[in-house]
Every structure is written in structure tokens, then in C-alpha cells.
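Okay, got some structures for you below.
Next, two complexes with chain A in common: one pairs it with chain B, the other with chain C.
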Partner chain A sequence: MTTFTAEAYQNEYLPAGGEEVNAVVTVTASDAAPGATSAQAAEIIIVDVSGSMGSPRAKLTAATRATAVAIDCIRDGVMFGVIAGNDTARAVYPQEVRLVAASPQTREDAKQAVAELKATGGTAIGRWLALADELFAATPEAIRHAILLTDGRDEHETPVELEAVLADCEGSFQCDCRGVGTDWEVQELRRIATTLLGTVDIVAEPADLQDDFQAMIERAMGKATGDVSLRLWTPQGASVAFLKQVAPTIEDLTARSSAVDALTADYPTGAWGDESRDYHLCVHVQPRAVGEEMLAGRVGLMVGGETVSQALIRALWTDDEQLSTRINREVAHYTGQAELADAIQEGLEARKQGDEHTATFKLGRAVQLAAAAGNSDTMKLLAGVVDVQEAHTGTVRLKPRVQEADEMALDTRSTKTVRVKKPGS
Partner chain B sequence: MSTTCPNGHLSETTDYCDRCGVPLEDRSAAPPASINPPTPASTPAHPAEVEVSPDTKPSVPAEPCPDCQTPRVGSDKFCEGCGYNFATSESAAAPTPVRSITGTARSWDVLVEADRDYFERATAEEIDFPSHCPPRRFVLDQPEIGVGRHSQARGTRPQIDLSGAPEDPAISHLHAILLRQDDGSYAVIDPGSSNGTTLNDDPTPITPNTPVTLADGDRIHLGAWTTITIHQGWV
Partner chain C sequence: MDMSSSETALACGTCQAALLPGDRYCERCGTRVGPALDEETRAGGGCTACAAPAEAIDADWYCSRCGVRQRSPQDRQEIDLVVAAGVSDRGRVRRRNEDALHLQAVGESGVAVVVCDGISSSLSAEEAARRGADAAGAVLAEALLGEQAVLAEATRNAVGTAQQAVLEVPWTSRSDRDVPSCTLVSAVCRDGELVIGWVGDSRAYWIAGDDSRQLTVDHSWAQEQVAAGLLSVQEAGADKRAHSITRWLGQDAPDDEPQIVTLRPTDPGRLVLCSDGLWNYMPDAAGIAAQLDALPPGTAAITAAHSLADAALAAGGHDNITVAVLNVTPPGRDDQ
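Let's turn to the complex of A and B:
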């Protein structure tokens, strides 16, 4: 049985006339009996078998091996299936439009079917997702998760077709996306992963796929509670400037809201295992008089239609500048982390456009922010793209030659954040 | 269980009013200890109540809405700011929370709405009018305010960001700019948006890159259904 807690961190004091209320809400799910999850689950692995997967041949071999490892990690009883995708989508196992319960026998049969995959044809990711959606439709009660592996751009359908499929799949299942090699489009996979509440990452070396697939499927099997949403109430006259997940990765949820009533909206967060996530909320309220207090937001966690925990965001107007100018540590930290992600993405984009001045400035700022906040993984990735001369001032020089894989890794992982350093740790 | 807040709202929650967020009596009786954990050390304890004397009532001629403080226009039944019903509200007689207003500067704000009239006369059939689109209000507090949809790819985030759901698909990333004039009022500039910007009932788009001064109540139409109405606040 998973229990949820929500805690708010903020400076609730606003100056006279102040209207922007910021808070970081930490949501933690903890399982009293970890590992003993009894939640019903459904898992689909989608493997790209387009022609390019066959060159070099190692790519398809690595993908099928990784898929076999992932299949081995699927718990007994979990409904699962494997889809092979090129310019069409094909159910590889079972070879019909349904999922089967995992057992030693079905896992063996599935691995057998995967080992026989051949690389041919184009890439139409929307059709793969549409088939997954169709397969998942038979298990509406289960926590539904898919892994999508591709090595190329979505070339054999129009962006409009892909968008239409994404709209259909949104809320139906979660999907983690992985790009192998460097011929795929970061923006495209990020768009799919974000819409389907999943992660996106690069696996530059096909040989690394096995570990990654294993980690993803273990995480998916650890999810005990599906369809959790944040329910946000704000007072009359207020507007939500943004609601972002800020840890472990940055995901802007602002546009994902569905209205419950005039003052309340739900934001999807997908399935939860034993984990903790942080959210940054910014609400604009109608200012009240100095000395007055207002509840600026009520953040509840909705599980199975019930509120299981909530945190309160307050606003208190004061003319004491000592109080109103204080910046909450958590809010400041995540404001910096969001700026870091933006600086990386904008810097890389400028570099692509040949605007070296902007690229140097943005990536320098990213180095400065990453150093200050202790994003050591991000620092390592930045060092693949720039020569760092002085981290704390953000003095960098663009590297004349950059490995494409390094650049894509920096781009895909730019939204990974670190949490606030607790004092003494 | 429900309770009535000082502004006259019937609230289902007993800690703060579930409409206007004003603190309620029961808040101290049942502190949500497990819900709102110890705030970080940097956050000080609850401050002393500051007394607000009743003679600091706003010196506005119009009656302010008890919910959002927007001055009532004439004898309108509904508040322009939040739709508060002046006619039927119990709170008309209830003590209105006093709001001290400092300064005499005029303040301007805008109300952003999905406008069916504009949609029906201006927009092609392929686009559907949104079934639910809550009105949004933005205070004009900067000399230059961008209106549009934020773009992660371009790294732009206009101050009046209209990308919230449901998104008007025909609005450009930077669609219009509101520019403060010397007298404190605002002008609108279309910096060359894809689909243009019109004003009030005139179907001809305004000339790009040419400021057009706005008066209280002017309606800016953009995108497929979005209308932005500008309001002059209290003095």
C-alpha cells in the first residue's frame, strides 16, 4: 500500500501590491512493503525494425538482445506484447491484436519471435503507437507502460498524423523513448515522451541498450499506483502562471490541465512507485491589503478519485521588506535549474544556427548554473561541447569539433535536475 | 460541513474559504499539521496581525467587488473582473474586507477570453470553438508587454502567455506588444503576426509595427477566438 505525502516550501510573504506567489511542492510516495506490489500491469516493447536498424548490423542485434533482457524482467502475470515498427506496425508477439500474461513459457516464445526480426522499410512512429494503444485498450485497469526504441526520424507519415495519434494515446499509456545512434531527432522524441509522461534519452552505443532497457522495465514494474494527478485549487481572481515538475526532470504541466470546476484543475502525473518528485507552482493572485492573508493554492494528490494528501500555498502581505524580499531556497534552486535547461537548449540551438556569440553566452551561463547547483552529470556533458575556462564566472570557449552524440546527450538530458542540497549533506 | 466566510461565500473547507482563500476561524482549531509540515527554517513564524483601520476605505467612486476588488461598472449585475453577482450576493451587507490602495497612478489590466462572436465572424470552419476556456486577467505592470504563446524552441515567453489550455492555434509566438504611452495608457502593436490583429468591430487588421492607442474597454481580437479587453483600474 503506497502512501503519499505533499509538502510545500515557499516564502509566503509578499510586498504590498505583490501578486506572484511561488512555491515548491515535494510529493513523496512510499510503499510500506516495497517490491511486493500487486498492481496489475501491462507492458509493450516497441522496437524499430526500419532498414537503417540493419546498418550497422550491430544495431538490430543489440536492440533484439536488449528487448530479450527486458522481456526477462517482466513479472509473472503482467500482460505484455512486442511490436515491430517500420512504415507500418506489426504485432511480433503475440502475433495477433492482444496481450498475453507473462510466464516462463510466454517469455521464451516472445524472445524467440524477437530474435527473428529483420530490418526493412521506413519509419512511421505514430502507427507503432496507435497499435500499442489498441493493444492496451483490453487492459483498462492496469498500469500501462511502453518502451519505444528508434534510430531515425519519423519520415513516413506527416507530423499531423503523429500529432493525431499522440492526442489519442495521451492519458492511455506512458511511454519511455530511447534513441539509438545519432540519426534521430531530439525534439521529436521529447515531444512523444513528454505527451506520454515518459522519459527520453540517447543510447549512443547499441551495446549499452541492455542495461538501459533493464533499468526502464524494472522501474516500470516498480510502479504501484497508476493515474495519479495533482489537483490544484486557486482562489477566485487568481491565475496559474505555471505548474512544472522540476525534479527529477523538468516537465511543464501548465498546458496539461483539465478543469474540474472554475477554480480547480487536474494535472496528470502518471504512475508512481517508491519515489519523490518536486513541483514548482507559480500563481498570480489579486493583491490584498497589508496584514491580510489568503490561501493562494491548495495542491492535492488524486488517487483513484480521492484526495490522499494536500499542501497549502499561502500569501501574506507585509510591509516588512525583511520578510517579503527573502527568497525561498527551494524556489530559487529550481528557478535556476529551469534556467539551466533553457540555457543549454538555447545554446545548442544557437550553435546549430552558427550564432557563436549567443551559443558561447548561453552555454557559459549553463556552466555557471550547473557548477553553482552541483549538477555534476550536466557539467560532464557540457564539457563535451565547450572548454570550461572558469566555471564560476561561466567563461567558456566553444569546442571547434563536437561529437554529435555528446551534443545530443546534452540536449536530451538538459531537463534532468538535481535536488536542493540539504544543509550538512 | 460548511461555513460562511467574511466575504459571504459558503465554503466547504473550514481552514480557508474555498472561493476567495480568506482564512477562516476553524483554521487554528484543526491545524493541518500532517498536511503542511514544518516549513523550512528560513520561513519565519506567523506574523502578528496588522490592524487595518476602517477609514482607509478606497476612495473610488464605484463599489469594488468584494472578491477581486474590481470597481463595479455603473449598476452592472456582474463584476467585470470575476463575475461576482452584485444583485443576489449576501455579502453586500457583510463587512467588506478593507483594501488599502496606495498611490494615485492609473492601473491597467486586460481580460483574455474565448469570444464566440468574434470566432463566428472571423474564423474558418476547420477550427472548433473551445468548450471550456476560463477567462484570464493580466495586470499591465511593465512598459512593454508581449502577447503570444511561449516557445521552448525559441526560448521566448511573452508576459501575456496564451499557451494555456485550450490553446488558440492561430496565435503567433509573439503576436502583439502592449506598449505604455507617456500618459500611462497603452497602445497595441502587431509586430507582423501570421494572422493579424483587429480592434473592436473593425474587420481590417491594424497596420503591422504601428502603435494604436487603446481606450478603456477596447477589444483586441487575435487568433481564432481570443479577445483581449483592456480596462482602466481605480485612481
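Let's turn to the complex of A and C:
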């Protein structure tokens, strides 16, 4: 049985006339008996078998081996299937439009089928996802998760076709996306992963796929509660400037709201295991007189149609500047983390466009922010793209020659955040 | 129950005095006899900001439509018994009013006043102050009903009872916060005799022109440093521990024996009881005297209380502000 708690961190004091209320809400799900989850689950592995996967041949070999490792991690009883994708989508195991319950026998059969995959044809990711959606339709009660592996661009269908499929799949299953090699498009996979509440990452070396697949499946198997939403109430006359997940990664949820009533909206967060996530909420309210207090927001968790925990976001107007100018530590931290992600993405884009001045400025700012917040992983990735001269001032020089994989890794992992260092810990 | 339509004779549950239909307080002993403040405010209508119906106000006093927090009965409490009056206000910064005021007139000249300040680092500070003030006030009022009561003895009993009441405040264990606790200052007055009792840093002042003076001595770190000759008043006040109190009511209280002073004024004057939300802005008796001297002669106690509370609010209202004022006329004199 998973229990959820929501806790708000904010400076509730606003100056006279102040209308922007910021808060970080930490949501923690803890399982009384982790590992012993009995939740119904469904898992689909989607493997790219387009022609390019065969050159070098090591790519397809690594993909099929990684898939085999992932299949071995699927718990008994979980409904699963494998899809092979090129310019069409094909059910590889089982070879019909349904999922089967995992058992020693079915896992063996699936691995056998995967081992015989051949690389041929083009890439139409939308069709792969559409088939997965069709397969998942038979298990509406289960926590539904897919892994998508590709090595190339979505070339054999139009962006409009892909968007249409994504719209159908949104909310129906979660999908973690992995790009192998460097011929795929970060923006494209990020769009798919974000819409389907999953992660995106690069696996530059095919040999590293096994560990990554294993970690993804284990994480998916650890999810005990599916379809959790944040329910946000804001007062009449207020508007939600943004609601972002800010840890473990930055995901802007603002546009994902579905209205419950005039003042309340739900934001999907997918399935939860034993974990903790942070959200940054920014609400614009209509200011009240000094000395008055307003409830600027109420964040609850919707689990199985019930609100299980709530955090209150308050606004209290004061003419004491010492109170109103204080910036809450958590809010400041994640504002910096969001700026860091933006600086990396904008800096890399500018570099691609040949705008060295902007690229140097943005990536320098990224180095400064990462150093200040202690994002050591991000610092290592930045060092692959720039020569850091002085981290705390953000003085950097663009590297004349950059490994494409380093650049893509920095881009895909730019949204990974570090959490606030709690005092005394 | 609808008091006003009842045909049966009404009587106060405390002193059995007859009540008139519609009375909210007993005229004799001051006990509240109308509906509870809480129900009255809720029944009184909906949101003061957006006019949402009463049902829209949630348990924490927020309007579930526009979010504006409604004034709870505790946010602003006013009691006017003519001879004595008091105001307790949430102030302009704190979210809750964790001060409590109890004021009761008994018989011809008896008055009992209690001010408690819930310690804001403690759990249920609001509840501790409320229960402490009401428990002490009830004991003092009861004593005033008996002709021969010794007021100092009654004060000791009142504080002991308040301590018991604070101990009974429910709380859940949370290691990072203190258990429910509060300060207390009381005054009981009859036939020209004033007995003041206190625990903590809520204060009493005697205000009568040049004779104005502070009657209580804070049970606080700053006061102890000054009393021991270790620091000057200025040095002690500037230290961040200045407001740490050394005595209080509650489970972890050092003891519950109040310090007591007795006063028999020969000239008319005013007794002022207050929490630190007031005296932070007017620490010296002279400052309070100046504020009250600016009022026209014969000003009602409630007006004097308003004047002091408003001055503290205007100065920032950083803490909860509670102030009670008693107009004192020595027996045989009626020139106040």
C-alpha cells in the first residue's frame, strides 16, 4: 500500500500589490512493503529494426541482447509483448495483436523471436506507437509502460501523422525513449517521451544498452500506483502561470491540465513507485490589502478517484520588506535549475546555428549555475562541449571540436536536476 | 436553540442571574450565553470578499471560491464591559491570533481580566492561550462571587487551574516543535484592591500621569540579564535571545506559581494588561501614558483599548496584539 504526502515550501509573504505566488511542492510516495507490489502491469518493448540498425551490425545485435535482458526482468504475470518497428510495425512476440502473461516459457519464446530480427526498411515511429496503444487497450486496469528504442529520424511518415498518434496515446501508456548512436533527433524523441510521461536519453555505445534496459524495466516493475494526478485548486480570478515538475527532471505540465471545474484542474503524473518528486507552482492572484491572507492554491494528489494528501499555498500581504523580499530556498534552487536547462538547450541551439557569441554566453551561464547548485553530472557533460576557465564566473571557451554524442548527451540530460541540499544533510 | 423565541425564564448558567431574550453575555458575571462565536460568525453570512455563501468557507476559514481568509472569531476579539474593555487582534503579519483575552465583570465592582499569549513555536499555541485564559478567568470570577475571597489566593488558584487546562490541550508529537504553552497575566479587582499575577512576559502597567509604571517584571532572558547586572537594558534587548521567556504555562513549564503584586491606588487611573505584541511598540509606561493622555478626559475603556491596539497595528502589527484596560476609581471617589 503506497502512501502519498505533499508538502509545500514557499515564502508566503507578498509586498503590497504583489500578485505572483511561488511554491515548491514535494510529493513523496512511500510503500510500506517495497518490492512486494501486486499491481497489475503491462509492458511492451519496441525495437527499431530499420535498415540502419544493421550498419554497423553491432547495433541490432546490441538491441536484441538488451531486449532479451529486459524480458528476463519482467515479473511473472505481467502482460507483455515485443514490437519490431521500421516503416511499419509488427508484433514480434506474440505474433498476433495481444499481450501474454510473463512466465519462464513465454519469456524464452519471446527471446527466441527477438533473436531472429532482421534490419530492413525505414522509420515510422507513429505506427509503432499506434500498435502499442492497440495492444495496451486490452489491459486498461494495468500500469502500462513501454520502452522505445530507435537509431534514426522519423522519416517515413509526416510530423502531423506522428502528432495524431501521440494525441491518441497520451494518457493511455507511459513510454521511456532511447536513442542509440547519433543519427536520431533529440527534439523528436523528447517530444514523444514528454507527451507519454517518460524519460529520454542517449545510449551512444550499443554495448551500454543492456544495463540501461535493465534499469528501465526494473523501475517500471517498481511502480505500484498508476494514473496519479496532481489536482490543483486556485481561487477565482487567479491564473496558473506554470506548474512544472522540477525534480528528478524538469517537465512543464502547464499545458497538460484538464479542467475538473472552474477553479480546479488535474495534471497527469503517471505511475509512482517508492519515490519523491518536486513541483514548482507559480500562480498569479488578485492582490488583497496589506494584512489580508489568501489561499492561493491547494495541491492534492488524485489516486483512484480520491484526494489522498494536500498542501496549501498561501499569500499574505505585508508592507514589511524584510518578509516579502525573502526568497524561499527551494523556489530559488529550482528557478536556477530551470534556467540551467534553458541555458544548455539555447546554448547548444546557438552553437548549431553558428552563433558563437550567444553559445558562449549561454553555456557559460550554464556552467556557472551548475557549479553553484552542485550539478556535478551536468558539469561533466558541459566539459565535453566547452573548456571551463572559471566556473563560478561562467567563463568558458567553446571547444573547436565536439563529439556529437557528447553534445546529444548534454542536450537530453539538460532537464535532469539535483535536489535542494537540506541543512544538516 | 433559538434563545429569542424561548418562552421560559432564562438564567445564566454560571451565576443564575436572569437573562433577557437575545442577550449574548450575562449582565452580571459576563459569561457568554449566546451561541458560540464560531457559529455566530458562520451563520452571519458568507465570504466578506466575494459574497460566496457561508458553506463556501472551509474549516481553515478560507473561502473556497476566492481564497480570501475570513476573520475568524479569534482574529479580532473585543469585549466592552464599560468599566473595563479589551481588544485582541491578529495583527498584520501573523497568520493566526495566538493571544487570548478573558474579561468578566462580577457584582458591583468586581472585574477579572486574563491575557494569555500562546507561544508561537509551540503546537496548538492558539488553543493553549484560549483554554488558559478562560480557565483562569472562570476561577477569578468565581472568587469574586464569594464575599471573603482573598484575591492573591484566588490568583494562585487561577494560574494553577490555567496550567491544568493548558496541559489538557491535545497535541501530536512532533520532535521539532515545543508542546502547547502560553504566558499569562491576570488582574482581579474589587473595592479598590488590584491583584496582578503573571508568568512569562505578558505585562501589566499602572497608568496615572506621572505615577505611571510597569507593575510586572518579565520572566525573560533579557530581564534576567539586566536584573543580574550582566547587560544593560539596551544590550539585552538587542540580543537575539531577548524574547526568550524563562517561565510559561504548559507541560514543560518550570513551575506554575505566579509572581504576584497588589496595588491599592489612592488616585484614579487605568490598569493596562497586554501581550508583547503591544509592548514591543510601547515598552515604557510613559509611552502608554502618552498615548492615553492624548485622549479626552472620561474616555471609555473600550476607546482607550482601541487607541493602544491601533497604535501597535499602525507601527507594524508584527505580532498578535492584546490589550485590556480597566478604569480604576478608588472607593469614595467618583471623579473618574
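We take it that the second predicted complex is superposed on the first by the 425 of 425 C-alpha atoms of A that agree within 3 Å, B and C clash if a C-alpha of one lies under 4 Å from a C-alpha of the other, contacts with A are read in each partner's own complex, and residues count from 1 in each chain.
Note that contacts are C-beta pairs under 8 Å (C-beta built on N, C-alpha and C of every residue); 3 or more make two chains touch, one makes a residue touch a chain.
Bear in mind the structure is a predicted one, so any value in this text is a computation, not a measurement.
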- Side-by-side fit of chain B and chain C on chain A, or clash: clash
- Task: Between chain B and chain C, point out the one touching more chain A residues.
- Result: B
- Task: Check the residue A:Ala8 against both partner chains and state whether it touches chain B (first), chain C (second), both, or neither.
- Result: first
- Of the two partner chains, chain B (first) and chain C (second), which one does A:Glu19 touch, if any: first, second, both, or neither? first
- Between chain B (first) and chain C (second), which, if any, makes contact with A:Val160: first, second, both or neither? neither
- Item | First, second, both or neither for A:Arg288, with chain B first and chain C second | both
- Message: On the A-aligned overlay, A:Asp342 touches which partner chain: chain B = first, chain C = second, or both, or neither?
- Response: first
- Message: Once chain A of both complexes is superposed, is A:Thr318 in touch with chain B (first), chain C (second), both, or neither?
- Response: both
- Message: Let me test your reading of the model: by the given contact rule, A:Ala255 touches which partner, first (chain B), second (chain C), both or neither?
- Response: first
- Message: Quick check on the superposed pair: does A:Leu263 touch chain B, chain C, both, or neither? Answer first, second, both or neither.
- Response: both
- Query: Following superposition on the C-alpha atoms of chain A, which segment of chain C from the set 4-12, 22-30 or 58-66 overlaps chain B?
  - Reply: 58-66
- Item | Contacts on chain A seen with chain B and repeated with chain C across the two complexes | 12-13, 233, 235-238, 263, 285, 288, 290-296, 312, 316, 318, 320, 323
- Query: Contact residues on chain B for chain A in the complex?
  - Reply: 13, 15-23, 32, 34-37, 39-40, 42-44, 47, 49-52, 56, 67-69, 81-82, 84, 97-100, 102, 132, 134, 136-139, 152-153, 155, 161, 163-165, 167
- If you look only at chain A, which of its residues touch chain C in the complex? 12-13, 233-238, 263, 285, 288, 290-296, 312, 314, 316, 318-320, 323
- Message: Considering only the defined contacts, which chain A positions touch chain B in the complex?
- Response: 5-13, 16-17, 19, 187, 233, 235-241, 252, 254-259, 262-263, 284-286, 288-296, 298, 309-312, 315-316, 318, 320, 323, 326, 328-330, 342, 345-346, 349
- Mind listing the chain C positions that touch chain A in their complex? 49-50, 60, 62-69, 91-93, 95, 316-318
